[in-house]
Amino acid sequence: MNDSFTIGNQELTSRLFVGTGKFSNHTTMKEAILSSNSDVVTVALRRVDLSGEFQYMVNDIPEHVTYMPNTSGARTADEAVRIARLGRAAGLGDWVKIEVISDQKYLLPDNEETIRATERLVEEGFIVFPYMSPDLMTAKRLEKAGAAAVMPLGAPIGTNRGLEMKSMIQVIINESNVPIVVDAGIGQPSHAAEAMEMGADAVLVNTAIATAQNPVEMAKAFDLAVRAGRIAYLNSHLAPSEEASASSPLTGFLS
Amino acid sequence: MNDSFTIGNQELTSRLFVGTGKFSNHTTMKEAILSSNSDVVTVALRRVDLSGEFQYMVNDIPEHVTYMPNTSGARTADEAVRIARLGRAAGLGDWVKIEVISDQKYLLPDNEETIRATERLVEEGFIVFPYMSPDLMTAKRLEKAGAAAVMPLGAPIGTNRGLEMKSMIQVIINESNVPIVVDAGIGQPSHAAEAMEMGADAVLVNTAIATAQNPVEMAKAFDLAVRAGRIAYLNSHLAPSEEASASSPLTGFLS
Amino acid sequence: MNDSFTIGNQELTSRLFVGTGKFSNHTTMKEAILSSNSDVVTVALRRVDLSGEFQYMVNDIPEHVTYMPNTSGARTADEAVRIARLGRAAGLGDWVKIEVISDQKYLLPDNEETIRATERLVEEGFIVFPYMSPDLMTAKRLEKAGAAAVMPLGAPIGTNRGLEMKSMIQVIINESNVPIVVDAGIGQPSHAAEAMEMGADAVLVNTAIATAQNPVEMAKAFDLAVRAGRIAYLNSHLAPSEEASASSPLTGFLS
Amino acid sequence: MNDSFTIGNQELTSRLFVGTGKFSNHTTMKEAILSSNSDVVTVALRRVDLSGEFQYMVNDIPEHVTYMPNTSGARTADEAVRIARLGRAAGLGDWVKIEVISDQKYLLPDNEETIRATERLVEEGFIVFPYMSPDLMTAKRLEKAGAAAVMPLGAPIGTNRGLEMKSMIQVIINESNVPIVVDAGIGQPSHAAEAMEMGADAVLVNTAIATAQNPVEMAKAFDLAVRAGRIAYLNSHLAPSEEASASSPLTGFLS
């Protein structure tokens, strides 16, 4: 099955994006990324001392992957734009995941500021991946603004609660003309598979891998689950049935 | 990771069991079984003309797999016992999945008759896998009767609705000393992964593979999902969290 | 709307049964029962010193209600039968709720022993209300044994988790010819309303009322919710719709 | 229990708002409103020929209720503002529910335009009730703009699917300083009770009442359910428990 995936300007073979936060050390991070088979990893620009710790981390990220720097820590569009420019200047490339968050309790994104940042960064030639609170009209505006993909959250980040916003994410998938990458809240492989079965184009996982007992094994689990869900989506969409139906015929043998 | 699995008297490498009903033809069935990497397949004894169609089907099942004949069509313990004996006499081995169903609408199993059949067939030297309506005390009785594993249903057979009985299945997993194989209702890879994440020892899938647009691809999807869920179970059990938690640190960069 | 309800040999006006365990004191219990408008209350025979504490509690139960003594503490059919007889001998009437529980962790009922106790107590002239782990074939056997109603649990007792076994309870409601009373796990008025909307004939609530901050107010809340759910059931069964539909017409005003 | 409720400039005794669309005739509508005990009804300004049909309908609305004209049909903030002004000019008062919807398939509101309309209408002295797609930052902006309450949707309008967006609605309830009125998707009394149990200040119901077999009875059901859920909220918030807990003591009687 040839099911390659073009997003931004890249052809990808994996539909699992991996976040690099929260790993206990760089060796584990690197091995988990390799184990995940992911082609794309996010890196938080804010964690970076541009001449120090960050370079070190970049050194530990496998060479073949595409960086998706994120604007973690930005509270406004202006801050997000500023962080994005710093990343590009530091040689991290044109991709950027926009995170604009001013709510410090649930860490929910600010859709309005996110649209603003997307518009400006697209104009500046970035390949923009906005993280958003699931809402159809916001997704349409992000698409219109030139987003390379739209990244609705499944549940508040770090909660591992799965696709709590499933209903709205499904609407966004149905109505969008850009790839949809489900981000945040995915705490188990089954959640990742479910997102793919719904028709998401990819998922992004961080906490559930980075904080697992064995992040390298867990990275593999998410890789398998994403592939499984994708195959199921490409196959028949088995509608849940109201009626039971025997797998084996029930008549005639003993009578 | 060595995570082999002993059930009955067999060491298995896959935790996915595949049912052989509903496939459109034998070639597809054979290829799907191979694609699933399964070591165990169920076959409905009732469908079998012992000198004819059945032999043909057995010829099409890959040699390395273990047969798990089922007593599909039995309405009582007596009928189930009779069918099990016929299977063994026909050379299908000692394993038997007990299905006793008299409800013709929802096709739900009869726990009381199932316990009875299990007791008798264990006594006759069978390796017995009873299919049951999820209920803790029935699971305990089946275990006491010598069942090799207990097979609670996720949802009525053929409905593809997933783990509707999740709460009771979790209790059965927690309290049982024999393997638990979740059977029926598993319609998507995410459902299979979820069962494994809960701690099920294996799952059985039939309809969702056999009736897929491409059963060979779907068999692979379930294989991947089962492996993914198993890895997650062996790793940390990520409790859903009430509080959001940033993947990337949120302080200090821009100020 | 005349929607009276005959169960056992009684015509009832309320479909809410109330349990008397866990109240902080008898005055609150009495007021809560009155506030609930319930016609039926369960009393645990085991808590009773027949010449002492129990008489006192009976004195505090409003006179118009029907007692439904339960066999709480019975681990076998034999014990349940013995407790039921003691209750009748003590003047508590012919109604009995059968609880046979040997699982001390989840407190889940033993369906097989429950059927046995039901058969015997019906024969002895009791009006029998068996509490059971939701399972279709058990419900059919209890009906055949002469149960006045069948009482499937929504979730393990005391958990307040709601209708976790909803799928199987719906099947039991659809297929039974005796009243279905959902018992255990009902922690919020919305859970009680949901059970009634599904077509349950009544619900039994104890923990959620008795341990509320204000049991008298909470009793009223459950009364209202049960009535609300019943009305909804009698009205159109609004099937969830896949398509949005405007409440107000969307065309023509401004153009 | 005194639990009156001030919203806008009104003290209300009921937390159920009723929509007037979709009723088969005006007599039924009027009787359903009376039966609901509601103090507030929405009316679609667009349906109105200001000198004709609308006046007729207003005549059929009980006198004591407060009108909440809505801007149904508006696709932009400008259109919503224009409709609101027409309503006030026609003597319908200062309250207005803002609906700005350009998505014709799922009928989901446009949060950005809704904020804009809210800002302008608050400035013009309206008491503004914006209908919105559940999103925390939008709720905060609406509050800041001076909204009298914020009205997140439970599910797409007319679907009767209940609180699909429950997780985000709970966050909005937790974080808001203005009343939260859950609107759209509420198809059963249990859904309304659930919203109130979560801490919503009120709910708005239209389709489920207006299209019921007996709208007058269903209106009463929703009134009861809303009162039930409110009482539960004011009482202890019973957290679902992981452990079973007996309602009756389980030791000592028979031994």
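By letter and in written order, the chains are A, B, C and D; residue numbering begins at 1 in each of them.
Rule of thumb we're sticking to: a contact is a pair of C-beta atoms (placed from the backbone, for glycine too) under 8 Å apart; a residue touches a chain by one contact, two chains touch by 3 or more.
These numbers come from a predicted model, not from an experiment.
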Could you tell me the least number of steps, going only between chains that touch, from chain B to chain D?
2
By label, the chains that touch chain A as well as chain D are none
Given that chain C and chain D are copies of one sequence and touch, is their interface built from the same residue numbers on both sides (over half shared) or different ones?
same
Hey, which chain ends up farthest from chain B, C-alpha centres compared?
D
When centres are defined as mean Cα positions, the distance from chain B to chain C in whole Å is 34
Could you work out how far the Cα centre of chain A sits from that of chain B, in whole Å?
32
Measuring from the mean C-alpha position of chain A to the mean C-alpha position of chain C, what distance in angstrom results?
46
Would you pick out the residues of chain A that each touch at least 2 other chains?
105-106, 108, 156, 161
By the touch definition up top, name every chain pair that qualifies.
A-B, A-D, B-C, C-D
Give the list of chain C residues in touch with chain B in this complex.
102-103, 105-106, 108-112, 115, 133, 135-138, 140-141, 155-156, 161, 164-168, 171, 175
Hey, which residues of chain A end up touching chain B in the complex?
1, 19, 21-22, 44-48, 70, 72-74, 79, 82-83, 101, 104-108, 156-162, 187-191, 193-194, 197, 206-208, 210-214, 217-218, 220-225, 227-229, 231-232, 234-236, 238-254
